[in-house]
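There are two complexes below, and they share chain A, which is joined by chain B in the first and by chain C in the second.
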Partner chain A sequence: MKYSFIVPRTKRIIGSDMRLALFFFGVNIAMMSAAYLFLEYKTTIFKEKHALYATDIKQLDTSTRMLEEKIVTIEAEIKKHEQISTDNTVMAESIHNIFDLAPDSITLMRAELEEKSLILYGISPNKDTYNFMLEAPLKSIFHRTYTSFYPIENGWYHFVSTNYLDDENSTEVVE
Partner chain B sequence: MLERLFKKIFVAIISGKDGYDIQSVVVKNKKTLHKEFCHFEGDVPSAVMIRYINDVIDPSPFFYISTLNVHANQGAYDGCSKPSDHLQNQDTVGIQTLCRDEKWTQYAAHDALYQLRSHYSTVGLDFIFSPFSMIEYYFADKIKSSFALYAFGMPELFSIAIFDGEKLEYAHHYARGSSKSVNIDKEVSAMELTSPLLEEENTEGTILLDDIGDLEDLDLLDDFGEIANLDDLEEVDEFSEDVLTLEEKRQERDRNTGVVKDELDASSEEYERFGFIKKTLERFYASAHCHNRFIETVCIADTSSGGDELKRYLEEELFLNVLIRKVDVREGINALAQAEVEGL
Partner chain C sequence: MNFRLNYRTFYVILLSLLLMVSIIAFSTFALIPKGKEYRSLRLENKKEQAVIDTAHEDHDLTEEKLKKLEEKNKDTIKAYRTVFNPEKFMRLNRTQLQDLFLTEIHLTDQNKSFKVYEVNATTKITSPEVFYQFLEKVNHSGWIIGVHFPVHFERDKDLIRLSFTMKVHHVSEGKEEK
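Then we have the complex of A and B:
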């Protein structure tokens, strides 16, 4: 204030009407900006979640594949187990049948059971006992039967009976 | 910063006897783009005047409306101390002061400023200037170096200041209390005197022109009634070829009366001013501020067209060197407003 007794009124570049209009424009823009930022934020969150879900899905796919592979392996193992179990059962039954075949007078010392062959080692009081009591049922089971006798000191015989199935499986052999 | 992009509009309003004189100046980056003068009749700002001002200031938000404080209760004193130190016989509570360059102070009454603001409330005021600021503005080149009496004269007021090299030695403001719709006699009786520096003069309260000199010329006013006899001219044969209607005669009579009255007004005003200057010099020489100095030069910024008589009076009767500058007070006000805005 150099010369004047009063100070000038405040000069506003924008009038009151324009200020009001600009205020509403400002509020509008602020609201739109807020909505835009909110949507942008939500989109970002959604994208992050989407990425996480995609990763999860990939991991789950991998897990599923691994599980499927495991299932296949387990199924195969189950089958194998069943096969082995069946084979063992068959084997046990076969062994049981073999020992059932042997009469009391003949002593079996060793048996080598293979898929299509059976080799028996034992002692028989004589060849006839073996031929009638053991060889006959073996011949009914196996296609080919070969027997070798070795006399021992007490007059009994060691025998080695080798039996083969030509093209039938062992279960059939057992039966 | 944004302010530089806008034009600045300065509007100066001066209230006169016959209405309001307005000057508008459009300025951009210190260049004057447009200047316009306008006059409006009336004692109060009319709707037309308000509309005109609003139209003028409409193009820019940076507009400044200014006026001059013409009220009686104002003045100036040396130094920037409290007004109570200088205005012993006045109520200094309602006084607003304005220190100029830490050298001298202008003061004005709060109620006068309030009245001005109320009077122009429809358009609003940004600046109110003192007549002493006008003196300072118009004689800025001389005040710095000369010891002289400086005066600013308008039909409504006459302000006198004595400066000695930027030091205010003496100041006096003469103003009419109410100039509108009063006759000359009333104007004379209502002439108020404000003398801040000389207490004994304040006690007088008012000063009559009788104290200053003869005003016999004013007796001519009594003869105005005789001008009506001019109507009788229609009876004269020489004028019979150019017979005027009654309305034309009335207008002619009014015109003649106006011219005579204006001449009388001007003459009496100049004599009045002569009286003010003479009285002021007497007071100054009688005061303690004089220190045996003698004022040789009188510089007057005058808004009226006359002044020759006053110059003659001062030169012949008081042996002074007289410099009269014809000024447009509206220009001065707008210039001060521009200076004020630049200083903001």
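Then we have the complex of A and C:
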């Protein structure tokens, strides 16, 4: 026998209002936790990067400095090589010019070339030939020129011509 | 107006209040400070990235400059690092310089960057022209050689006896590593 006209609804521990509230807060908490975890993850990565940056910058600076030092060394080497090549060429030209000074009538037996001096040993048919044809140009090049003559059996002369270049600085001081 | 608070509604309101307070507390004490830290670290990171990019750029430019310099002057660089070999030098110049004889005088350190081998050379040549050619040739040899005074020429029958000093500049590997 029925005492009611309606069918009784099933009773739940959590009602529909409570479920709605729980769903709303659940979604909210989940989103906030996700945001927090994301920030935590990114912060950790930034901190790790920060530690690496310091090392990287130090390494890069050291490497750049080493490369710059190498460039300076190579540039110094190139400069030195150019200087050596020029010196060799200048030396060849200087010796060439000195030997060109000697006329065909004068025979050179020995030449001693130093940085600031030249000693020539040779044979000349007479003193005048030497004086006009070799000593004059030598005097125009060197600051001091001394010559000694030794007569030989055939009437010619052995000569020793010693020529010096004075130090330019000391000349300037004297002047 | 009769307002009766249902106990279920009361629980919902109570739970909602509790959760709301928890969310506000979490935001205030955890999420917002973390966000601030993240922003400051991101800004710092951006600045550091700019610094490291500049350092990378400088490093790359310097490296490129060095490569170009090495490429352009590879023969000179190689010549500095080639150990002087008197036998090879004599063999290479035998055609021009007869009876070439080398004596190593001593080893000097010049400006602490180069090692300099000083070598005395005596030889016989047919004419001074040969010596001029030798001086030109020595500039393109596999070593960095400078010919120095004193240079002595002496007539010896049909030949000229020649003696001169050579300085061979060499960069040792040990110095380069430093």
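Note that in this section the second predicted complex is superposed on the first by the 91 of 175 C-alpha atoms of A that agree within 3 Å, B and C clash if a C-alpha of one lies under 4 Å from a C-alpha of the other, contacts with A are read in each partner's own complex, and residues count from 1 in each chain.
Here is the rule we use: a contact is a pair of C-beta atoms (placed from the backbone, for glycine too) under 8 Å apart; a residue touches a chain by one contact, two chains touch by 3 or more.
These figures come from a predicted structure and were not determined experimentally.
In the superposed model, which partner reaches more residues of chain A, chain B or chain C?
More residues of chain A are touched by C.
Does the superposition put A:75 against chain B (first), chain C (second), both, or neither?
second
Considering only touches as defined above, state whether A:31 meets chain B (first), chain C (second), both or neither.
So A:31 meets neither chain B nor chain C here.
Which holds for A:3: it touches chain B only (first), chain C only (second), both, or neither?
Only chain B is touched by A:3; chain C is not.
According to the stated criteria, A:152 is in contact with first (chain B), second (chain C), both, or neither; which is it?
A:152 contacts neither chain B nor chain C.
Classify the contacts of A:12 with the two partner chains as first (chain B alone), second (chain C alone), both, or neither.
In the superposition, A:12 contacts chain B only.
In the superposed view, which residues of chain A touch chain B and also chain C?
Touching chain B and chain C on chain A: residues 15.
Considering only the defined contacts, which chain A positions touch chain C in the complex?
Touch residues, chain A against chain C: 15, 17-18, 21-22, 25, 28-29, 32, 35-36, 39-40, 42-43, 46-47, 49-50, 53, 56-57, 60-61, 63-64, 67-68, 70-71, 73-78, 80-81, 84-85, 87-89, 91-92, 95-96, 99, 108-115.
Residue numbers of chain C touching chain A in their complex, please.
Residues in contact with chain A: 8-9, 11-12, 15-16, 19-20, 23, 26-27, 30-31, 34-35, 37-38, 41-42, 44-45, 48-49, 51-52, 55-56, 58-59, 62-63, 65-66, 69-70, 73, 76-77, 79-80, 113-114, 128, 131-132, 135-136, 138-139, 144-147, 149-155, 169, 171, 176.
Okay, in this complex, where on chain A does chain B touch?
Against chain B, chain A makes touches at 1-6, 8-9, 11-15.
Which of the residues in chain B end up touching chain A in this complex?
2-3, 6, 61-64, 66, 69, 96, 98, 100, 106, 108, 113, 117, 124-130, 133, 137, 336-337, 339-341, 343-344
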